[in-house]
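Next come two complexes built around chain A: one with chain B, the other with chain C.
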Partner chain A sequence: MFLFNYRYRLKCIFRDRQLMFWTFLFPVLLATLFNLAFSNLSSSDNFLKVNVAVVQNEELDQNPAFTEAINGADDLFIVQYTTRETADALLKDNQIDGYILFDSELNLVVNQSGLNQTIIREFLDDFVQSSATIVTIITTNPTALDSGILAGVSSRTEYLTAVSASQSNPDPVVNYFYALIAMTCLYGGFLGVKEVVAIQADLSAVGARINLAPTNKLTVFLSSMLAATTIQLLELLILLAFLIGVLGISFGDQIGYIALTCVAGSLTGVTFGACIGSIIKKGEGLKIGILIGSTMIMSFLAGMMSADMKYLVMTKAPILGYLNPANLITNSFYALYYYNTHTQFFTDILLLCGFTLLFSTVTYLVIRRQKYASL
Partner chain B sequence: MQVYKAFFKVIQKNRGQILIYLVVFMVLALLLTNTYNPPQNTDFSKVKVNIAFINDDADSLLVDGLKTYLGENANLVDLPDEPQKLQDALFFREVEYILRVPAGFTEAMLSGQDVQLEKTTVPDSTSNIYMDLLINKYLNTAQTYTTYMPGLSQADLTQYVDKDLAEQSEVTMISNGSHSANAEKSGYYFNYLSYSMFAILILGVCSVMLVFNNTDLKRRNLCSPIRSANMNLQMILGNLSFAILTWLVLISASFIMYGSFMFTTTGLLLLLNSFVFTLAALSISYLIGNIVKSRGAMSAVANVFALGTSFISGVFVPQELLGDNVLTIASFTPTYWYIKANNEIAAAVSYNADNLQSIFTSMVLVLAFGVAVLGVTLVLIKQRRVEA
Partner chain C sequence: MVINVKNLVKRYGDLIALDHFNLEVQEGEILGLLGPNGSGKTTAINCILSLLKYDKGTIEIYDQPMSPDAYDIKRNIGVVMQNVAVFDELTVYENIDYFCGLYVADKQTRKKLVAEAIDFVGLNDFTKFYPKKLSGGLLRRLNIACGIAHKPKLIILDEPTVAVDPQSRNNILEGILELNRQGATIIYTSHYMEEVEQIASRIAIMDKGKIIAMGTNEELKMMIKSGEHINLELLNPEHLDLTEIQALPHIISAEVTDHQLVVKSSRGKNNLIAILDHLKDQNITIGKIYSEPPTLNDVFLEITGKELRD
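Presenting the complex of A and B:
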């Protein structure tokens, strides 16, 4: 009976085209759209050399030190020497971020306040400030001039060593995909609802027929749920393969733990749906509505629409994060990708198992031993 | 007007689904107005990067001086010194730069020994380069003083450094004219509008078409004593009034939020652009309504179409951030041209022949999409009637 029902439930689910669309094709589609839209997002704050123009005039020629300084900063700037009119035109077309005008004093001309403009400003300030330092030192200690202060000021010591936060790049874009997987897991709830409806005599004709059969309801239900989980897991693995193989999203390299998260996530999703399906007695429309609504809210809090949301919950209301299955799934992937330890990951997985147990127990208590006076 | 009335009866029955998209849009629009504040660009102001400053050394005037200097040029964010909290903050860009001052730093600096500070950054980012400049400058200046004026006390040292680093160069800001914050905000509002507009029109028109295209019902209607031209006219009227009604509802909030701004040239152009887009969206919805066979497929198509075009055309992510090939694909949808015109209208400081021509070209293209799709739909309907 177990295998018989299992096989037929697999067929039933596979042939439900609408169900397959929402639980499988829709996430794949969303992932593709995310990838199209976000592919340039993380590289947008990458440093590109600042385009700057220097106006050529007499004052500039009298300050060779400045020309030397800006030519020396070729890792920061792409410099062009022009006339003032050309510089104005270039600025207007946003071809350059700003131009430098030597006009008795150093002057920067820009048309907006941005990080690139701030960097040019910083460079000019640096020049002015170094001069001030030299003046201060020479006035108090004139011998400094002989001991090479001019060379000393222009040779810079590097004081910073980069220490990376983790073995992986801190790229917030991956979180959108993790949250998307969490949504897919919870959309597995559609399958859970379907299985509950198919086994309850008051919800479907199939359910009524099954209840008549001289077989243990728990056995039948377990095999139905197993069928639903099988398909959910299969869909999830294909989605994961798509994300990694086609879209090139990074998940870290701990394949075993990633698979474990998928299993835990699928179970949570399917039992979540079954739980909703059994608690809510009204029509299937309402069940689906509540399932979609709660999934969307949970995914939103897990950062599917904006990664900042996840951080807000993490820092301001961590409890909310632990009570949200979507966030637990997202966070498991995040921990695997980014953290150096596994403490957070195992906490999340354990909590997911806890939720699965909770949902299963509620479902079991609601659907067992129901008797109908009339149908 | 039986047909016209029936049209709106069907819409009434399906209002639940339609209302969802209306609410989603209103929430988005509301969030936008309250959270988004475009930069005021009348005076030059430094961009401040969010950083975390962690001191493992004993408190000293030098460390304080560095911290104060960074506080003036960047936003110091207080973070607990726990690895995971710091990692999280960097990942979600709460801070873009974490600076750690090592133990023994002050002493090493004062005695002229080599010392290294640890930085944890978003690799290759502009903020990383900028913060490196700032920190290296402070420390190099301090080093110059300790080298050439040995025996300087810490208090004097920081005072000298502070005085030097307070020197600034002149910045002139060439303003491109005044640009109202309302223009940018309402630009976003009208960009988001396209998502809801598409979803609502597809759902509304499809649900009506599903009813009227039901074969039995259609046969019954055809033998009714109303001329088919009359019936079609009423259907067209129904579609148009539904679209205009949706448009009116969706733009209504803009009048509440931006008030009299909506009656300026910019506001009126945005309204005109959204109206043109409504017509194109209606035409596409009509085509989908004639292709889709079931209610399940209807909500799938509405979601995929509205979300898909919005994502690739720059509704959710600005067009500048999208790849060239994505935009090329997007240019085959009216949404792309609608958003392009919107952005140009919102960014324009004054209107001249150049930008007006570009804006109206986009509008004409949107309209052309509408007409072309309508043509395809009419051919399709004609063919079906012949087959039936």
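Presenting the complex of A and C:
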């Protein structure tokens, strides 16, 4: 009976086009839209080199040290050597951020102030300062040159070291996709609602027919839930493959733990729907409405619409974060991607298992009765 | 005895849906269960099937107490619900196979039973159709096939012909009679008196949660006050003295409308002869004459009253 019902439930779910749209196609479409919307978000944070022109004249030719210094700063500047007239024209057309002119002293010509202009000025100040130091050493203590003091003047030492707490570089975009997966897991609730409605005599005519048959209701229910979870997991795996393979979203390399998160999330989603389906006695439309509404609120609080919301919840009301299955699923992926330990990950997974147990118990207590007060 | 229900009481708050309901169904009979809307027919059936809780009473099926876990009893029952109960995502064949599979585990046996059920309801050309593609009549036939495919000994049909065209309805009724001929005991509820009159070997009339009359078609007709309806076409009704006819023995009422004299008589013999003699005395010329025995509809209305329900 278990396998017989399981096979037919798989067929029923697969052929329910509306259900397949919301639980599978909708997340894929949303992921594609996210990718289009966020594709420029990371690149906007990248440093763009400063365009600078250097006026070529006799003074410049007499200062090869400057030419060497600015050419050496190729990670900062895109340098072009030109005449003053051309430099003026380039500046006027905003094709360069400023130009450097050697005459009696080193001059910077700009037509506006901003970050790029400040970078050029800082570079020039540094050059002037280093040059003055070297000149002072040569005039006051030429013997010091023998001890290699010049190397010390021109070298730069970082006294602060950045130590990353994570194994990956922070990426604000991935959290949106983690929240999307969390939403997809909870959309498994649609399947849970469908399965409960299908076996409850007071919720559907087919449910009444099933209750009239000489079959154990719990067996039918468990095989129906297994069918729902199977399809939910398949949908999630395809979504993950799409995110990783097509959209290039990074989930780290801990495939086993990622799969575990998907299983725990799917179970939570399906049992959440079953719980709503069993405790709300009104029409299926109301059940679906409540499911969508609660899922969207949970996804919102988990940062699907704004990453700041997740941060806000975790700082202002952390308990809300732990009571939100969508947030727990998001956190699990986040922990796998960023943290070097699994403490946070297993805490989230355990909490998800707790929610699954809670939803399953409530559902069982409601559907276990075999006679109804009214139909 | 197939079904034995004693003193069944079911309340919905203050409303008494079943008021010490009693019912006995013998093997091989077709019991027609009639009653106005809200009389408790479906509630009684749902209680008998152990779908609904009840407050008091006992229910035995095949001399065994009925309960949700009484799988041996349930295996022998087939139910055709009032609402079509099929999965939209499964084809005609798959629906019948699924519901038959809840009773019959063996695949080969099930295959044979499903084929027979499809043949029985005449859905051979529609096995790969999804329910949404079927007409109302075909859908009702699918509903029946899902309920009887496992060859039950007791079949309960709760208004299976609602919203079905006359051709399909006739087909369904013939099918029910065939099932009965094959040995099934049948309980049939309907609003259509002529259907029940056509197929039921015994009829129970329910009202206000209890059975208020039960018997064969003829027995029920004997229970009511009104007997035959006599219709006479009068060519010169202006000479008629109606009070003399109304005063005749066994006459309940007599009315003339458009040359048509309609006389309702109670039980009694020679009512028509007495009326004809009287008309002859009054020199009334008669055209056509016909007499109708009381119908089940008359029985139903007289027993349950003519006030509107629902």
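Simple rule for what comes next: the second predicted complex is superposed on the first by the 258 of 375 C-alpha atoms of A that agree within 3 Å, B and C clash if a C-alpha of one lies under 4 Å from a C-alpha of the other, contacts with A are read in each partner's own complex, and residues count from 1 in each chain.
We take it that a contact is a pair of C-beta atoms (placed from the backbone, for glycine too) under 8 Å apart; a residue touches a chain by one contact, two chains touch by 3 or more.
All values derive from a computational prediction rather than experimental measurement.
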Partner chain in contact with A:368 - chain B first, chain C second, else both or neither: neither
First (chain B), second (chain C), both or neither touched by A:1: second
First, second, both or neither for A:201, with chain B first and chain C second: second
Touching partner for A:310 - first (chain B), second (chain C), both, neither: first
Which partner, chain B or chain C, touches more chain A residues: B
Which of chain B and chain C A:210 touches, first, second, both or neither: second
Chain B and chain C footprints on chain A, overlapping residues: none
Chain A residues touching chain C - in the complex, by the definition given at the top: 1, 4, 8, 11-13, 15-16, 198, 201, 204-206, 208-215, 370-375
In the complex, chain C residues that touch chain A: 12, 46, 49-53, 68-69, 71-72, 74-75, 77, 79, 81, 83-87, 89-90, 94, 98-99, 101-103, 105, 146-147
Residues on chain B engaged by chain A in the complex (per definition of touch): 39, 41, 43-47, 49, 83-84, 86-94, 98, 100, 115-130, 132-137, 139-141, 143-145, 147-149, 160, 163-165, 167-176, 296-297, 300, 303-304, 307-308, 311-312, 316-317, 321-323, 326
Residues of chain A defined as touching chain B within the complex: 18, 21-22, 26, 29-30, 33-34, 36-41, 44-48, 76, 88, 91-92, 105-119, 121-130, 132-133, 136-137, 140-141, 144, 147, 149, 152-153, 156-166, 169-172, 175, 307-308, 310-311, 314-315, 334, 338-340, 344
